[in-house]
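Just below sit the structures, each encoded as structure tokens.
Consider the two complexes below, in which chain A is the common component and chain B and chain C are the respective partners.
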Partner chain A sequence: MTVKLMKQGEGAVLFLEGRIDTMTAPEAQEALLPMADEYESLILDFDKVSFVSSAGLRVLLMLQKKCNSRGIEMKLIHVKQSIMEVFDMTGFSGMLHIE
Partner chain B sequence: MITVALWSFAVFLASAFAAVLAGITLAPKYKGTVRAAVWTAAAVLAYGIAFISYWVNLYNDAVGILGLSVMVCIVSQILYKGTWSEKLVIALMGCLIGNVSTFMLCGTTDSLLAPKLGLIREGPYDTPNIVFFIAIKLVVYVLITVLYARFLKKYVHTTIESVEGNMILFIPALLVSVLGFYVINLFSNSNGITPAHKWFFPLYITVCIIFLVEFWMIFYSINQSAVAMKNAAELNVATNIQQSMLPCIFPAFPEREEFDIYADMNPAKEVGGDFYDFFMVDESHLAMVIADVSGKGVPAALFMVIGKTLIKDHTQPGQDLGQVFSRVNNLLCEANSEGMFITAFEGVLDLNTGELKFVNAGHEMPFICRKGERFESYKPMPGFVLAGMEDMRYRAGSLMLEPGDKLFQYTDGVTEATNGKNELYGMERLRDILGENSRKAPSEILPAVKQDIDKFVGSAPQFDDITMICMEYRGRKLAALDGMPLEMNETGRGIQK
Partner chain C sequence: MRELTVKAVIENIQAVTEFVDEQLEMLNCPMKAQMQIDVAIDELFSNIAYYAYHPEVGEATVRVEVTEEPLAVIITFIDNGAPYDPLTSADPDISLSAEERQIGGLGIYMVKKSMDEISYEYQKGQNILKIKKQF
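And now, the complex of A and B:
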């Protein structure tokens, strides 16, 4: 799982690539959570994300809560259909801002 | 004469040092006065042995040092508490440190400094040189004792505890080292490699490094495996506790003919984060729950216990399931420092009418098999997971079950079971295997599905807990007047078949 950063003014676009599962969730957490401290808005590009397990959902939940508490906007873009189904089923599509 | 006396004293000091190390590590069995008396007697005896052996020139080092080491080992067995292997290992450790530091540190400093101080006249065993040697020994021993007490003793105690005093495995390595060192010492002495010799230093440095590495490896790996064994034993107990927490007696309610229910949980690790539950809410309502904690192992298992208890506790007769989950959700959010969440599905079946009320918190779609048909997935209203965020609202749904209908629920360990080619088992395969077994009883359906998953996964490791629950509604049975089963007609009056 890799994260590429592209600054966009005060905000950042994060390009995620690979699987976010039990194995890769800890590094995803380490890479993503600090972003909420450094930028005023976050866009997560899911185009190259192939799979998200419940461990990955947990990281996204933590990140969303952190953004909420800091008043930062966070949104997900280019989410694949298979991952969108997971978001729908777990109700995360109502909680995350997905475009 | 004086040289012999002094040299014996020098040799005796090494064993005295070993005794001190053993004394500060082991737990005493007798009062200080008794210990002092025994050690003094041993010291006198030891010194006497050393003196005599040097006097008669009888393999001085071997008898002197080896003999004294044996004495230290014997006395420490008598005077201290603990297992015999523990006491022997500590005594041998003391002897080894004593002898190695003597030859390494004392020997080398002596051979480097003594000539500079003009102490060596004819040979290294002259009086001034020996006195200097003794002085160095005392300094080195005090230093090592202080360093040992400050830094190493704790580690030694932890190691002893982790193997619970059973140090038999350490003995061979220590014995070999102690004896080996004598052999090397004997060899170097008989070949004239005394402290003044140019090969002395490199030879002993190499030997010391080998010992250090060897001991580090042995202590570390024995420690690790002891810790690992203890963990494994505790996890074993935890597995048993967890298994017995989930209702596991089947058939579950043999006296109730209105339904048949079967469930199974296979944790990926020793303890899992999935759970199922079923219980009678009251005489005519059956509740069934399936849930999945995000995560595996002990943290998920602990959170699972909380979740299961809260759900069961809050599912009371007449309670709206949406409210049940709202309350449980808020309570779980309080108890959640690790940011875990739970996907859950709960259904409450009215055994008289066949109405199944249910609530879904981010869980997978259940499969429903109508009598005579095949299992099809059913899409409940989506809801957010439990313990994700406070003040979420959950809405209960409802559907009617007819006698002969079945409900199958599962966790994502089923659909996300992965084989060696990184393919997922998926909903399609699940629908197919359920379809093939649509006529079977719940207790036959679950093993069939598990078998199919196992076949698909092959030898790839199990990544997630696999949990399934299946319930068949048989309909309400009325008590018959003369033993014949009755059925209700549309007006609600019983007619005899």
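And now, the complex of A and C:
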């Protein structure tokens, strides 16, 4: 998976691409978690994310916890229906801010 | 019935997923069901790779069977590692907020929720975990 960053004022838009699964979750974690320290808001663009497994959910939960502890906003946009179903099944759709 | 035996290492998740997907595609499996099955493979095979033989490395077999009327696939994961029944883990509370949530326990919960049947048995030194998904 890849993460592309676009700065937007004090915040960042992160364009994620590919699968977030057991294999790629460590690199996703490494790429994403520091962003919660560096920016004042995060928008995760999921348009090109094709697959999220439980390992990917764990990374999103860690990132959300980190954003919450710093009091910054984190938002997911362009989430595909198939991935939305994963979020619905696990209650993540109620826990994350998804537009 | 087809089966694939590979070293139970995390890098082989891709080979296992491709092996199963290839057969799902031949059956014209709907994308949603295929995605759910791929999520299950990610969870179940990674469990075996991380824990079954730790710190040694062993083998895992993935078997795909098809039943008709209704059309369904049965995927069986077999390893010779330490006995482990993932179905005994408690379901996470999915109504909790991010702060209250524990990291973990979601994977097997998703498998339980998205498959039509799931069973575990330990027989002759083997962990045998079976999932069934109807199309």
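Simple rule for what comes next: the second predicted complex is superposed on the first by the 99 of 99 C-alpha atoms of A that agree within 3 Å, B and C clash if a C-alpha of one lies under 4 Å from a C-alpha of the other, contacts with A are read in each partner's own complex, and residues count from 1 in each chain.
Criterion: contacts are C-beta pairs under 8 Å (C-beta built on N, C-alpha and C of every residue); 3 or more make two chains touch, one makes a residue touch a chain.
What you see is a predicted model; the values in this text were computed from it and never measured.
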Combined model on chain A where chain B meets chain C, clash or fit: clash
Greater chain A contact set [chain C / chain B]: C
Touched partner set for A:Leu57, first chain B, second chain C, both or neither: both
First, second, both or neither for A:Tyr39, with chain B first and chain C second: neither
Which of chain B and chain C A:Lys65 touches, first, second, both or neither: both
Touching partner for A:Met95 - first (chain B), second (chain C), both, neither: both
First (chain B), second (chain C), both or neither touched by A:Thr22: both
Chain B region in steric overlap with chain C, selected from 205-213, 313-321, 385-393 or 475-483: 385-393
Residues of chain A at both interfaces, chain B in one complex, chain C in the other: 21-22, 53-55, 57-58, 61-62, 65, 89-91, 94-95
Of chain A, residues touching chain C in the complex: 21-23, 51, 53-55, 57-58, 61-62, 64-65, 68, 82, 85-86, 89-91, 94-96
Chain A-touching residues of chain B, taken from the complex the two chains share: 292, 294-296, 339-341, 343, 361-365, 382-385, 388-389, 412, 416, 463-464
Residue ranges of chain A in contact with chain B within the complex: 21-22, 53-55, 57-58, 61-62, 65, 88-95
Interfacial residue positions of chain C with respect to chain A in the complex: 10-11, 13-14, 31-32, 35, 38-39, 42-43, 46, 92, 94-99, 101, 103-104, 106-107, 109-110, 113-114
